[in-house]
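As structure tokens, here come the structures.
You will see chain A twice below: alongside chain B first, and alongside chain C after that.
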Partner chain A sequence: MLFYAIGILLLTHAGYSAFEHHKLASHTIHSALPLDIIVETIVATVIIVFGSITSIKNSPALTLDNEVVTMDSQYLKPIRATDASQLDQIVGVSEYDRFDNRIEFVDVIAKRREYAEWIKEQE
Partner chain B sequence: MPDTALLKKKLLHIAATGSVSQFTPEQLHSHYQELNQFLALHKDTLDSIELFNLYELEFYSCILTNHDIEAKAVIDLLLDQFQSNSKSQRIKLLQSIYYEAIGDGKQATQLLTQDPDELSLSRRLVTFSRSDGSDKYIKNLCYYLDLQPSDLSAWAELGNEYKKIGKYQDAIYCLKEILLHEPLAYPVFYKVGLYHYYLFLQELAKPKTRLHDLIQLLTQARDNFLVSVEINDKYDKSWVGLYILANHEFNQDDKFKKKTEKLKSLVQKKVTELHIDISSIIE
Partner chain C sequence: MNTDEAYSNANIKSNKDKLQHVQDITSLVLGIASGILTLESIHGFLLYVIGLTLANGLFYVICGEGKIDKYFKSPIQEVFVSGIVGNMPGFVMMWCLVYALVSTSA
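What follows is the complex of A and B.
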């Protein structure tokens, strides 16, 4: 955010300076854009690009118990399969869990009975 | 109260993996409340796919927690929204589950048998034979898989049924069908390894078993556990499997001891690194 703010500020300043220079040049002799304005523009662009790259971060995730967990790598998603499956391991829900869960085959009667018994125990 | 974006991500993940079917009653209870609260506060901020996926999840949460009126309300809402597509198998499936839950098996069967080409519904119909015993259920699952051999959930279900009755070789065959489609499914590799180990124990208990067959089974169990940790080296279940294999008394024999030494030290190192409490697991 700070990089964006500084970059935009510098870019606006460089733009305004270029506008002033153009206005002045149109009344006097035509001259090329001063070097400091060009340098300021380049620096501002570099800062904005840097800010946008560093702002791409891996978002954290919630475990089933609502605990916030983050990946080891702060910026880029891992490429190797062994690292890519790391978040599944931390969160406790993997995309392959569907083979264990098989919601299409869920025994609703048994699950409802189990839940009703648990509720009775809680009372 | 957790961050809304993170909570949304978590709920959508649960909806996609169907984890709700494995929740304990306690987890179901808190999940039901959390989802209801989330939908009440944030449903306007969701896009339509997210919203209807969460409605489907809400239906399952309501049904499994005996909130039948709310479950019916979700079905009515989905029917109102997708009335033009009244042939939707997904909605019919939810309706049949609702009827099954309230004890109206006749209505549920009627919904599932309307069209034999609706294979998702046929799959649900197969589950009705679960109460007739394992053999009948397995037979029906095999019949369904003849019609729809690429249904991975059905292969997983069939594998689980074979495991329950101790037919580990058949269970392994089913899991290998899944691996053909999902070659990176490390939990499935773990299960294949585990079933090989169970098969080894089964064979070991028999009076006349060839030593060569036992070694083959242990090797296959080890190889599958190793593939699993090759894909995800933090998958603790496979490391525990390897630990048990390496420390099994069969491997303590002088003939095999040398060969398993390397595996033993590797597993010991990893178990310590991942802080796996082996003693509590083995007990």
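What follows is the complex of A and C.
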């Protein structure tokens, strides 16, 4: 995010400088773009590209025991099935748990009511 | 081709999306850059091809972590070749827009 902010700031500045230069050049002699604008544009481009690459990092996963595990590969995910299932094995879920459990469809209010009744029974 | 070469489709798609994200941003920024530099005709497209290839090289080195075969089925073709044509319209759009903004006469 910081890379994007710096890069966009530099690009805007370079763009405005180029605009001013052309405006001035149209009244006087026409000259080529100054070197510092060119350098600023290239630096801004490199910063934004670098920022976009660092922004695709894998997010760490949380195991059932509340431990944070990170994958071996920092940016991309391995495509071979044997490698791809390793993280699931560490975390303790299978690839189909997302379909089996359907967290989005769980009725939380009903579950809480059930839990509250269970607590009452325990007392 | 042996039998244990099964692939995870979700991860293939995730990797392609990430590459596409990098190429989207790169092509738009290169469009802005060539607009600011007021490049014309073949020079702009040269900047695009060279810039995108450099960015892909950066992706190949940093994100591939030296074992790019693990993440793409055919790495060179997928990283360096397949994105060049598809991202060109975005580049041309930003190029035209910024060129028109920067080089206003009088």
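Quick note on the criterion: the second predicted complex is superposed on the first by the 83 of 123 C-alpha atoms of A that agree within 3 Å, B and C clash if a C-alpha of one lies under 4 Å from a C-alpha of the other, contacts with A are read in each partner's own complex, and residues count from 1 in each chain.
One rule holds for everything that comes next: contacts are C-beta pairs under 8 Å (C-beta built on N, C-alpha and C of every residue); 3 or more make two chains touch, one makes a residue touch a chain.
What you see is a predicted model; the values in this text were computed from it and never measured.
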item	value
Partner chain(s) touched by A:Ile53 [first = chain B, second = chain C, both, neither]	second
Partner chain(s) touched by A:Ala81 [first = chain B, second = chain C, both, neither]	both
Partner chain(s) touched by A:Gly7 [first = chain B, second = chain C, both, neither]	second
Partner chain in contact with A:Thr45 - chain B first, chain C second, else both or neither	second
First, second, both or neither for A:Leu24, with chain B first and chain C second	neither
First (chain B), second (chain C), both or neither touched by A:Glu114	first
Common interface positions of chain A, toward chain B and toward chain C	81-82, 85
Chain B to chain A touching residues, read off their complex	2-3, 5-7, 9-10, 13-14, 16-22, 25-29, 60, 63-66, 93, 97, 100-101, 120, 123-124, 127, 130, 152-154, 156-157, 160, 178, 182, 184-188, 230-235
Residue ranges of chain A in contact with chain B within the complex	59-62, 64, 66, 68, 81-82, 85-86, 88-89, 91, 93-109, 111-112, 114-119
In the complex, chain C residues that touch chain A	4-8, 10-12, 14-15, 18, 21-22, 25-26, 29-30, 32-33, 35-38, 51, 55, 58-59, 62-65, 70-73, 98, 101-106
Chain C-facing residues of chain A, complex	7, 11, 14-15, 18-19, 22-23, 26, 33, 37-38, 41-42, 44-45, 48-50, 52-53, 55-56, 73-85
